[in-house]
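Heads up, there are several structures right after this.
What follows is a pair of complexes built around chain A, which joins chain B in one and chain C in the other.
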Partner chain A sequence: MLESYTITLEVKRYDPDTKLTWMQAYQVEASGILRFVDVLREINDEQDPTLAWPSSCEHAQCGSCGIIVNGKPLLACELLVKDAVEQFRTHKFRLRPLTIAPVLRDLVVDLEKAYDRVHKAKPYLIKPTSPHPDGDEYRIAPKTLEMYSEATRCINCFCCATACISSHHHFLGPNATMANMVRLMDPRETAKKERMDILYRENNVYRCHTARACSFVCPKEIDVSHFLALGKEGRF
Partner chain B sequence: MGEALTIDSTLRCDVLVIGAGGVGLRAATQIGEHRPGTRIIALTKAFSPQKSHTTTAQGGMAAVDPKDPVDRPIFHMFDTWKGSDCSADQNVVKKVCDMGWEEMVWLERHGMHFSRTEEGRIAKRPFGGHMLNFGETKAFRACYEADRTGKGIMDTVWAECLKYGVNFIGQCIATEILFKDGHCIGTIIFRFPEGKFLAILAKATIIATGGKTKMYLVSSNCRGNTGDGLALALNAGLPVMDLEAVQFHPTGMVGPGILASEALRGEGAILRNKDEEPFMERYAPTAKDLAPRDLISRAIIQEIREGRGLFHEGHNAHHVWLDLRHLPKEVHEKKIQEVCSFFKRFVGVDPEKDLCPVTPTAHYQMGGIPTNEFGEVQGDTQGIVPGLFACGEVAAASLHGLNRLGTNSLLELITMGRVTGERVIEYLKDAKEPEALSPGAPHMVFDQFSTYLHAQGKEKYAQIRDTLRNLMMEKVGIFRTEKPLQEAIEELRELKERATHIPLAATSLRANQDLWQLWELNNLITVSMVIAQGALARKESRGAHFREDYPKRSDEFNYHTLVYMPQFNEVSFGKRPIDMSIFEAKGEHFELFDYIEREY
Partner chain C sequence: MEKTLRVTRVESCIISLMGRFPILSYYANSRGWSFLISWGHRLAGLALVGYVFAHIYTLSLLFTPATFDADMKFLHNLVFTFLEWALAIPLIFHSLNGGRLILYELFHVREDEIVIRWMVILGLIYIFILGFFFIAQSPQASVPLFWSITLVVSLVVFLLVVNKIWRTGNSILWKLQRITAAFMIPMLLGHMLFMHINYLTGHDSKTILLRLQDPFVKGMDLVLIVVLLFHAGYGVFSIIADYIEPGPLNKSLTCLVIIVMAISGYFGIRLIVAL
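Our next item is the complex of A and B:
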């Protein structure tokens, strides 16, 4: 049967007009199968329409809804109330915006700015190999693809970058670095030298201390630090 | 609210893409690659184009390699025509099916990570309604990247755009299309972070705002799929076409309606009722679980109506089962990894061991802004509107007619995106830089926003939104009849009026989610009205549009519905003929492209 929970969300709020920051608590009676985005919507509907929070696809595919819950960066759209209660062993949750970009309002941060990091990693093929002699697709063995296909699942939610201690200053961050790694491992890319420059540039992969926080928090369960380690070792 | 509503600044470009999803950016890459130096601006509501809804598409993209030993483009054309229930435009069907493979190779060569066969070639899987030899047996035609094909496309075109220096503007809504002497000259956008209006003037504008089924209670669409593009066109006095054709995907996960891709059935999953009977065998003896979506969705509702469905208490919804238990572990882990994880996470079932509860979910709208086969927008009497283009899910060229086959939409993105891009390049040859807007000129968007900001009353946003979603689901959903449709139209009128009495809790323009959503709600009501009106007028059943009081297709309705609604509820109708050029060319198998029977 339907299990219901009384939970409290303590939300870190920010008003761009007054520049004020404060904590505000909302108590909600929520069915266990609701996602955190549903709970936030319920708060908008029943209690406070001014509370702003980000989302788009609402099923863990676009990476828009990252927030920090009790210290852990995660996707608000895939955290069910019952799982949250179990995982954090509490009915009280502190919600904060991601720390990777400036806050626009409440839980919404300017991920548009955070994306600059990914753009710098040049996620495209800089210089593709010449076409297959038949004029059709380049041939890639499934085994080769498997070496890096996990990394292509990244949705740029920036949870890893938020968790990563070193990403705040000049380090491109785990997800952007991984995007570069994908193309280093992609047999169709010939501009390996340029890619290595991006990888080993002062601000990049050596900033990573292999503490693996990124792999730990990734909602897509990608072993991000594995790909960074390959980069450090030059195995691609 | 002290601030006056004004245009803060003006940007200029050659090409403006309203909607940086799969199709918008495929068009942009075509222009970037073949006309270097073109100044392109691409808009999205999301933080980044990469977060557009195309990214959630799972199953695949149909395309026939002309060198394929068994499949042929003409089979694909036939399936698309038959799938549409004889209402697609054959000039577009032919063009898209002929170009398909070339575009797969384009994507692959620009870095998409397709799944591969042992020989290293692009892998293919079967999908609903796609068959060999004119309906004989299932075809392996859908090229895919595991169950994240849309993400593969989105990542590719988005990254390519970075190469060409396309200027992305995120977190914004295009609120009004601008015209001068009948030419489209750009748009006015409203930016979420700063709460400012900007004019963007362009020589050519492409509307590519994508999907729009968020007016239904159960929907696979994202939060922002609110029909903005259609509302913009309607407000500008332009017609929209075939909006009554709304596709319900048979397998939404019970609850919010998250999609469980047809790829699951492509890989062998089976629908079962409460007695675990594989009931599709009764409805479509040949195609079974791979029959087209409209047919399966109706079959599911029929099973539920006749007492062979189940009831999910947690989500308070009826459903049937999708059975994936017999699929090999390898398939679960590699080919349908994301979807399996959704079932585990959102529904709490493990598809390897448990039956999965599914129910039809509003998924796709076949209709849209009418265009010709080059993506040029048609205005009155089907003449084109200079400077205005549309493609992708917001447009209707029409590849799908009144019912779309799975995997044909992603195909449409990359083919029609390219075609539209090519046309824009042509158009730019003689296009002039638009003149500056006269300062202080009146704009519709300012009227709309002032109404929202000054509204007084007791109405609540959430109530109106929920009433709308329930109403559309019940009365303008899978099964339709005259009386409920008339009631729906009446209720939509009321909702529109009530929506002007929603007081905003905060009237700051900056990062005001409430204000933004109110604008979207108005678009949803506008588009819903046109869906209901179209559904009432089409007194027949064809493709996804099913009238219980007129359950058969009727030759009388062999046309596309055009609806104009320059003011809310000021509705007028028009017709566009269905293009029959494959039939009329009298080539090989032309007789199959007549108004044929549709059985699976």
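Our next item is the complex of A and C:
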């Protein structure tokens, strides 16, 4: 028999038409193995069809369902009700949208605006090296790949950027800085000078103060602060 | 990558005790203890900036030794002695945590939890040694010997960091922030200990004025004030850059910080040279 929980979700609502913001509480009887996206859907189906939340793949791959639960930025598709009760030691949860971009409605933020920061870090090979002479593919030594493959798991959910001590006024964000670091460490990238110029801008690595909240909240368990520290150390 | 640390019974007691404070447990659960330590680092830094200004003001009273001695006599009571001792808490915390950040960012030390454990242990040892010095005074403490030992240790740490950081592509100001931090960690911790091993060293106008006649001590004090005000100024600038959007307010506050630090530096240097 699956354990069920009576939980209360206090959701920060926002109506773009009236520009009103308010907190609304929903009480739900939920099975422990339901995820928060399932609970939100249940509320949407049975209690309040106007409630909006972000969601797409619901398998922790697209990074679109990031929200803040009791102060912690996380993916709503990964958080089970029983885990939430255990982790936060409460049956009451305060849900807020991420703080890295303007809110469109309720828990949905403008991810395009958030992605603008990542684009500034050029998350692609600016000038790829020519292919390996023995074949079409470019070969990367496993040892080299091992140094940065963890960082390639990033799905740009912006949980790290939301948790960062440095706010968002002036910092591209840990994920954007890490996207640049990955290409700096990638042997296929030849535009190292341009990459270093991006890294050592005032709005980039200097805004990181090694508070390590990024590593703490990362849903993909990437040690983000490790990669940012590599940038400061000049080890790439 | 980071090794997982087995938490001792004492540590788990401390963590659960701290977890009883709602604000601490909220951020510890949602952002991690390192996040709280970083906030502590900033707040301790700001408190120390305030203390530096107060210190320069108090020492400026040395121009009229009688006023200085009267003020010191007024402050020589149990409450102020306790406050003076308590001031070591933000100093040791900011210094050791600064050391931890340098180890993490520049020396690739990723065993952060172990470093935090040592930070707490060394911090507590320092606080108790300082408390012991407050109680057991030693009038025989030698000024040149103290400065020489502290200077040697500071220079070694300074050179290690310079060697590590200088060739990286980081901005010069950021590098200087780390370099000045490395220099000041042994210097300020030693300074605090020495000033309290003998009460007269830091509280009697005649003793202070005599000490400042030594060109070596004068030189050290001059280096220390320049390094300290640069480090403090860049720290405050960093906080402004983090939380105030680029624009007129950001620029005005940055200018204000530069002006305040420059004026403090001017008065501090004038004071050391003139005395």
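Definition applied: the second predicted complex is superposed on the first by the 234 of 236 C-alpha atoms of A that agree within 3 Å, B and C clash if a C-alpha of one lies under 4 Å from a C-alpha of the other, contacts with A are read in each partner's own complex, and residues count from 1 in each chain.
In this text, a residue touches a chain if its C-beta (ideal position, glycine included) is under 8 Å from a C-beta of that chain, and two chains touch if they have at least 3 such contacts.
Keep in mind that this is a model prediction, so the values were computed, not measured.
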Could you tell me whether chain B and chain C fit or clash when both sit on chain A in the superposition?
-> fit
Applying the touch criterion given at the start, work out whether A:V108 contacts chain B, chain C, both or neither, answering first, second, both or neither.
-> first
Pick one for A:A25: touches chain B only (first), chain C only (second), both, or neither.
-> neither
Would you sort A:D186 into first (chain B), second (chain C), both or neither based on which partner it touches?
-> first
Report for A:F171: first if it touches chain B alone, second if chain C alone, otherwise both or neither.
-> second
Please determine whether it is chain B or chain C that touches the greater number of chain A residues.
-> B
So, does A:A213 touch the first partner chain B, the second partner chain C, both, or neither?
-> second
Looking at the overlay, what does A:G234 touch: chain B (first), chain C (second), both, or neither?
-> second
Taking the superposition as given, tell me the minimum C-alpha spacing from chain B to chain C, whole angstrom.
-> 15
Take the contacts of chain A with chain B and those with chain C, and give the residues found in both.
-> none
Partner chain A, residues of chain C touching it in the complex | 1-2, 26-27, 29-32, 34-35, 37-39, 41, 101, 104-106, 108, 110, 112, 164, 167-171, 174, 238, 241-246
In the complex, chain B touches chain A at residues 46-48, 50-53, 55-56, 65, 67, 101, 104-105, 108-111, 113-122, 146, 148, 151-152, 155-156, 158-160, 162-163, 168, 170-171, 192-193, 222-224, 255-256, 258-259, 313-315, 338, 341-342, 345-346, 348, 460-462, 504-506, 508, 510-514
In the complex formed with chain C, which residues of chain A make contact?
-> 70-72, 87-88, 163, 165-167, 169-171, 196, 199-200, 202, 205-207, 209-213, 215-217, 223, 225-226, 229, 232-235
List of chain A residues in touch with chain B within their complex | 1-2, 16-17, 31, 33, 35, 38, 44-46, 48-50, 52-64, 78, 80, 104-105, 108, 110-112, 115, 119, 122-125, 128, 131, 135-142, 145, 149, 152-153, 155-156, 183, 186, 188
